[in-house]
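Below, each structure is written out as structure tokens.
Here chain A shows up in two complexes: once beside chain B, once beside chain C.
Right after this comes the complex of A and B.
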């Protein structure tokens, strides 16, 4: 089953690449603006040999990882505190719904004013965008706690901390992991976007330079790299999710089928 | 689970610690001089051909011999540079004259300190041009009435320039439909027929020309003879607090501009270090002029045209803005 899925995935990608080669070659779009796969691959190969590329990749991954770590930590802490402390949920609900839809990229002028084109500008945008993914999932997860289990724990004399640890957290964890997976993807998108627009060092900045330089194949090569990164991050997040939730019926059920 | 929690807690602590650390080092080396009298200044630039002199000047040691170390901070456009300079994130920035005059007229505390680039002043051989597709029925700027013309930023220097070209050709600029489009997207848009004409600058101009596009006007030349297109600027606050430093930057930049102007091959060469312009395109790029001093008469002409087009709320004070 798994092998078949991988084979289908590879076949789909191969068909897509072939299409990318054929469309410009057949003259359906101009090669100047949409280079065929082979020329993008050549440009990618040149990039891989360039030290500048690896530095940029490192910068992007740093921004992504730091931003995600901060967002996950803050999201979980805030989510649990909001759920555990009485009335805090009601008091914050409208504020959260007010802040959540604000697009992170709208904060770019603020980020530049505060931090210029440094990593911290990128982090501001990344954390803002991915924090909500985690927080909302934690809140949903807490809502899913079985009231009977919670009351049972209460009647056995478990305190707030123990109930959070043994009842709330195991229930919320699957939701949290979903949040982490979503946030990981969002964080990557925002890292690259911030670099592209603000000019903070990283892949996004190099994409911008390639665009302004009329270096079209190089630009697409870098886009391919960000796509691959997204793919790897998703695979990685799913693996972590399966490991962490190995005890949970959703994962155990998946294995049995 | 416990390990996950512990890991997250440690991670957040490390993040907090490193964030503090970087902010400390960041603010200490930003504008204060370190050790042997060398000051690091951040310069906000757009990574294009225009700023080749500053890279060349740094390589030639014009800045270091005056105790300046430049740290180039590249931004996608002027939008990030002006707030960056005014808030003190960068000490100097690079911006076109119209943007600087708009900022000045709105009391944004900017002060131009050194010349940036000038048009070549040669009709048909400038680094920016008003272009139409090969075989277009549009033969002169007058024919643009009712047509769609792309400029990189609406209500800015290139719109002013195109309007002047239309006016000079005997047309009515208010009948031209301007659309905003990034320079790098203009060749494809022009070729695909989404726009009728494009006010495009290098290196996109070289791409446009390679497709057989026709130049119908050198709009920057139409504005004024040897137009000062862009300048390096700082904030008025930084200028008042660091007059010595600003003077050194001014002198070093003037030297760099003069050097770049007289060594075009070296200027072309250094562009490859900070852009990805393909060699074939770079060879065909028309370099701008890099005079050491701004041309005040040309800036006044640009200002008058801008006023006519309603770009400024109040008249910019050139005495305050220019060095």
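Right after this comes the complex of A and C.
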């Protein structure tokens, strides 16, 4: 069954690529706008041999990883503190609900003014966007703590730290991992966006340059790279999630965000 | 009574505190980039008059709605088809996963090639960016329709449109709404960014204009407007969701309370 699915998937991919080759060749769309697959592949190969490409890829990955790391750390710390300290959850609820839907791209002009095209502008956007994904998941996760387990821990005389470590954290971890997976995807989107719009060095900037200089196949090649990057991040995050939660898979819950 | 007072205190206290801190900390500010909150609020009504609301905010919101709605219709329709047939799903899945993984903003340069920089380009960008989370969530939701429920419906002779409407889509709706919610935030991002590229009106356009013209308090008011818009849309979404998914949330809440 699994083999059949994989074969069908491969066939689908092949059909997709063939369609990309045939449509411009048959003149259904202009080749200037949509080059055939083979020319995109050629451009991709050229890119791979180019050092500029690898520097850009490195810049993008740096922005992504750094931003995600900061957001994850800050989100977990804030989430745990908010849920452990009495009354803080109620007091912060309205503020979080208000700040969360503010689109991070609203901060683009501010980032440009403050940091220009530096890495810090990218980080500002990435951290703001991914922080909420993590925070919300941590809060949901903590809410899910079994009251009986918590009471038991209390009656055995476990302190706040020990309860956080042994009761709260294991319960919240599945939610946190979901948050990390979502945040990883969001962080990539915002990294590339910041590069594209602000002009910070990276893949996004190169896409903008390719478009401005009419290098259409190169533009598509870079786009394919960002897609593959997104795919890798997604698959990687799922793998990590499965590893970390190997003991917990069955009771894992996902809160839709 | 005391209960209500306490609750409203919880809701208001922190925001009030934050605004006060912002007000006081920025009050004497001479830093060009961080103007006093007083100045920002004074600029607000001057900048966002009826004229600008009509000329900039309205087109932005209309484009967002147009793109988002078409993404929702296409995503749910195609997702239902793909989700209903196991073979089709296996055939499409890798391609869909790849297309979803492409960060939507990089589509802007591509779509600019095809559609120029007009309204159409922005609506297409928003629609293409929003469609993937809706589509994939619909696929997941339709796939996971409870088999007992499906069999029951079949034995009662519920088929065709009725089956789709009352069994399949109903069972998939929590998933579909999760997708719609993800798509909403992507849609707002794309609305703003597509206007930052080439545009002569729209929220994103005016905010970038203020920033380039160093009209810093005006730029801050633009950021506030975007924030309010994002907040407003998410509240509307929640209201709609609560109405449509009332049965589902009710069931979940009761199953959570019961043990």
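Note that in this section the second predicted complex is superposed on the first by the 240 of 257 C-alpha atoms of A that agree within 3 Å, B and C clash if a C-alpha of one lies under 4 Å from a C-alpha of the other, contacts with A are read in each partner's own complex, and residues count from 1 in each chain.
One rule holds for everything that comes next: contacts are C-beta pairs under 8 Å (C-beta built on N, C-alpha and C of every residue); 3 or more make two chains touch, one makes a residue touch a chain.
Source: prediction; values computed, not measured.
Once the two complexes are overlaid on the shared chain, A:69 sits against chain B while remaining clear of chain C. After overlaying the two complexes on the shared chain, residue contacts for A:211 are found with chain B and with chain C alike. Shared-chain residue A:169: touches chain B; no touch with chain C. Once the two complexes are laid over each other on the shared chain, residue contacts for A:228 go to chain C alone; chain B is not touched.
Of the two partner chains placed around the shared chain by superposition, chain C is the only one that A:101 touches, whereas chain B remains out of contact.
Of the two partner chains, chain B is the only one touched by A:118; chain C is not. Ranked by how many residues of chain A each touches, chain B and chain C are led by C. Once both structures are placed on chain A, chain A residues 32-33, 108-109, 112-114, 196-197, 208, 210-211 are touched by chain B and, in the other complex, by chain C. Chain B meets chain A in the complex at residues 1, 4, 8-9, 11-12, 15, 18-19, 22-23, 26, 42, 44, 46-48, 73-76, 79-80, 83-84, 87, 89-90, 182-184, 187-188, 191, 203-204, 206-207, 211, 274-278, 281. Listing the residues of chain A that touch chain B in their complex gives 30, 32-33, 66, 69-70, 72-74, 76, 108-109, 112-120, 169-170, 173, 196-199, 205-206, 208-215, 218, 244. By the touch criterion stated above, chain C contacts chain A in their complex at residues 7, 10-15, 18, 33, 87, 90-95, 97-110, 112-114, 174-175, 177-178, 181-182, 185-186, 188-189, 192-193, 196-197, 204, 207-208, 210-211, 216, 219, 222-223, 226-227, 230-231, 233-234. Interface residues of chain A, counted against chain C in their complex, comprise 4-5, 8-13, 15-16, 29, 32-34, 87, 90-95, 98, 100-110, 112-114, 185, 188-189, 192-193, 196-197, 204, 207-208, 210-211, 216, 219-220, 222-223, 226-231, 233-234, 256-257.
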